[in-house]
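Supplied in structure tokens, the structure appears directly below.
We call the chains A, B and C, going by the order they appear; numbering starts again at 1 in every chain.
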Amino acid sequence: MNYLNYAGEAFLLIPLSAIFLNNICNKRFIEKHFHILTGAVALLQMIAAVFAFYIMDANQMLNFDFSVFGSSKITGIELFDINPVSLVFLFCIGMVAFVSVMISIRTIDVKKGSYVNLLMTLLIGMNGMVMVSDLFSLYVFLDVIGISSFVMIAMFRSRKGLEGSIKYLIISEIASIFILMGLSFISMKTGSLSFKDIGRNLLTNTFELQTILIYAAIILMIAGFSIKAGIVPFHSWLPDAHQSADTSISVLLSGIVIKIAGIYGIYVLTNIFGGIKAYQVSLAGLGIISVVVGALLAACQSHFKRIVAYSSVSQMGYILLGLSTGSTLGIVGAVAHVFSHAAFKSTLFTNAAAIHEQTGTLEIDEMGGLQSRMPVTAFSSTIAFLSTAGIPPFAGFWSKLLIVMALWGSGNQILAGFALCASILTSAYFLRLQKKVFFGKTPEHLSSVTEVTGSIKFAEILLTAVTCIVGVLFPLIIIFLHSRGLI
Amino acid sequence: MLNFQTIMLFVGFLMIIAGCYCMIRTYHMLKIIIGIEVAMKAVTMFLILAGYMNGHMGLAQAYVITAIVIEVIVAVVFAGVTIGLYKKYGNMDIRNLTELKG
Amino acid sequence: MNGWILITGILIPLLGALLLPLFGKLSGKFRNIMALTFVTTAFILAVCALTGVLADKPFSARYVLPLGFSFGFLGDALAVFLAMTASFVSCIIVIYSFGYIHEYENQNEYYMMVCLFVGAMMGLVYSTNLIAIYTFWEISSLCCWRLIGFYREEITIDRANKTFIITVLGALIMLVGFMGIYSQTGTFDLTEMKGAYIPSWCVVLILFGILSKSATIPLHSWLPDAGVAPSPVTSLLHAAVLVKIGVYAYARFFVLTFEINEAFTTIVPVIAAVSALYSAGVAFRENDIKRVLAYSTISQLAFILLGLSCGEKIGIIGGLMYIMAHSVAKGGLFLCAGIVEHNIHTKDIRKMGGLAKTMPLTATAFALCACSIMGIPPFFGFFTKHMVIEGIVSSGNIVLGVLFVLCAVMTVMYLIRLFVKVFFGQQTFSEVKEGTPIMVVSVLILGIISLLLGFFSFLPSHLATMIWGLM
């Protein structure tokens, strides 16, 4: 169990020491080699997650409590806790951070030191959030994520960046108010905010007012985490923030931040309130609206990153649908979709970075015919789009199928059928994107475009391989989950 | 019914409504952060109230101090972004922000 | 347990397709030969699987997974029949492509997609799991999207997108139907639910997918529009692979596996009749050679659907044999149209005429294939069409029988119109040459086979009778 303790601590201490290293070392040296430092941190995180997963599986553990710096236990504030689900999230964080570093090598020319500091702070926030075991610490790490994202968006001080940042900041702070209010209401009833205690004390019926407040708390926290996840109707900040940031940062925001800050929060709530019918219905309602409206809005955008950002809104809806079932199958489907979404959304943002580097624009009306000039980018974006649209045999299909099966099993047949057919909207807006960007006539100013090289190409190939391989080998994952009695 | 807890809850809700109203009504960035701060103060009060109601005042203190620290950092970041915008536009009117649409 | 033959037959074209672009970087000729090799391998392995069927020990492989998933492959009579037909016609089309496609860009993608298409078809016919069938179904939609969009023009891309949207939407609705079956039976494995009664709403949802893929009214409009693709591609879509997937799925699900409501033996023939008559009528009005042939395909597919859905033995056997007859003959017709289009650079039949003098071999092949489609004895098409109509009449539906006879007459008329307009009359293009030898030989092969199959029609009929025995 010592190894698990080391692994758990590593998730927090490695980024922390990277910050120290970054600020102690010679500035010029760091600017030159920043990608080695950050890339190593991301890789170590992935390795640690796989390693911890292997140990937990070998010992048949479902969760493991540990402490950082040997901090003592206080009533109400539990220690950190890792479990298989949080390890999947941790792996996704490492993967997307790695992709972000790969992109940043090409796109970030100034303020490399700040980028490292902020990325590491963001990593601490996200890793902390998926490992904590009480609601208040969850909130603290949530704001660490929030603050580092605000600064990252505004980092280059362009008009767009500042505008996206301030929109995100205001709406996100409202979300924080909601969440904090919700958890104070819960604490009025239960006296403790640790996940285990809340579930235990929630059912005891003591005081009329506090029971009402619990329901208020559920509404407030769903709203708060939905804002963070960019669920319709709380999505207005998301495309603005994701469009205006540098691509290496939008890949983080769209690929993982909304999922950790929003979806993981809702996952925690599901563990606590999952049995309440009203909770399930509201999640399902938000989910299906998000799926449809997100896709429709994506279909009428003209900026590459905006389309992809709205696509995130739509996909978050599927994850909510999976969580709304409250069944193990639904949660497995949702977590699988988190992973496949991290893979294909990172691919699409990497493509955006490639196109921006080579053509200097991301307005899809100004592009065309890039398929013959940038074959690798075109191919990887096609695979990512197919995975997003849930076309087999790619990873997105399986996670979507599991979600739909769970929905069907929980008695929402019509909703399941509707969610499945809504994938066609995904196909529709991606076909439009493909047509405008990669096919059609090439405008004259793009006639000398060539394929992107170096780290971005490497990231594209790597992510495409991940999407394909996970998709083709997904039956093995099903066998594994079945053998562990999960589905 | 009209005991201490309900009165405090009521006052808190009023403060939140006041904060939200402030955010909606004004177009000045600094006034928006003031609105957010007012609402945050109400939430902080709820945390203390929760401590009072469940008898863990020590824990509530820890929560409140952490929440205040976070609040301050948010205010600082907000101010930083606002200064950036002020340098670009020359005033602090949020109606200037029209670059991102769609 | 010779299942590995089936799995190899699927994997060689599928995985080989992914290697073709790499081969293409080395040398174009090598890539072409490898593409032909992969497709031919699929055909040869299908013939190997035939031995299993004839020995009454069909090859099979099955690995059960949790949650009702499974990897199941079964080479029964229906699967082998379809696999042989599809891979054989695909072989001819690949050979033809060597002559047709060599001057265009994106050849790597073209051969990759053709090969992938054949692999998807093989996978689809051999699989016994609904999810696997859905997977290969969507792979075929994907290939068809890229193949129709082969020329990178605005209109071809739009048409390709239209095809993709319609077929994928149909498939998604069908998947909802599969979920309905799953909730009834708790498994996706077809072998486990033989004889299961499924509710009518599931049947309707699955029919959506089938009709969208086999281009039956009201989901037909993508097929004529797909004529903007290169001719070997349209031939592949119409004859060898794509539209046959729909009728195969009908045969596999509703003829061989599930029990469905009696009412569908009336509803589906009526849909087929509407489809047949409407598209035969439209075929008169069209002046684009490929659109005429496309509407003809829609009309002939209605015959197949009619045969399969009438519920009589003779009709079902006729429908199955019609799949083969139509594959060979319609493949030949489209390839002939491709030669004509390739040489005179227009698709408008009003501008053509007198081509029989300059292209005698192509005209002969066209005539042979057209006769088979028209149902002139002793061509193969005659026997099958006869059996289908006999099937619907013996099921007691005289009106539909009469309508389909009318439709057969219309088929004769519009194909003769097409033939006369293109090959007879005033010679408008004087300096036209015959197509390249490789193209002409491949169409002649198909034409002669449609004639020969008429004389040897007992061979496929034996196989079709065995399919009936599977019920």
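One rule holds for everything that comes next: a residue touches a chain if its C-beta (ideal position, glycine included) is under 8 Å from a C-beta of that chain, and two chains touch if they have at least 3 such contacts.
Note that the structure is a prediction, hence the values are computed from the model and not measured.
Visitor: Listed by label, which chains are in contact with subunit A and with subunit B?
Guide: Neighbours common to subunit A and subunit B are absent.
Visitor: Using CA atoms only, can you tell me which chain is the most central one in this structure?
Guide: A
Visitor: On a C-alpha centroid basis, what's the spacing between subunit A and subunit B, in Å?
Guide: Whole-Å distance between the two chain centres: 26.
Visitor: Centroid from C-alpha atoms only, then distance subunit B to subunit C, rounded to Å. What do you get?
Guide: 66
Visitor: Starting from the mean Cα coordinates of subunit A and subunit C, work out the distance between those two points in Å.
Guide: 43
Visitor: Contact residues on subunit C for subunit A in the complex?
Guide: So the residues of subunit C touching subunit A come out as 65-67, 69, 71, 105-106, 131, 134-135, 138-139, 141-142, 149, 152-154, 157-158, 161, 164-165, 168-169, 172-173, 175-176, 179-180, 182-183.
Visitor: Touching subunit A in the complex: which residues of subunit B?
Guide: Its residues touching subunit A are 5-6, 16, 20, 23, 29, 32, 36, 39-40, 42-43, 46-47, 49-51, 53-56, 59, 62-63, 66-67, 70, 73-74, 77-78, 80-82, 84-85, 88, 94, 97, 99-100, 102.
Visitor: Help me check something: in the complex, which residues belonging to subunit A touch subunit B?
Guide: Those in contact with subunit B are residues 74-77, 136, 140, 143, 146-147, 150-151, 154, 157, 159-160, 162-167, 169-170, 173-174, 176-177, 180-181, 184-185, 187-192, 209-210, 239-240, 243-244, 300-303, 306.
Visitor: Please give the residue numbers of subunit A that touch subunit C in the complex, ascending.
Guide: Listed in rising order, the residues of subunit A that touch subunit C are 369, 371-372, 386, 389, 391-393, 397, 401, 404-405, 408-409, 413, 416-417, 420-421, 423-424, 427-428, 431-432, 435, 439-441, 475, 478-479, 481-482, 487.
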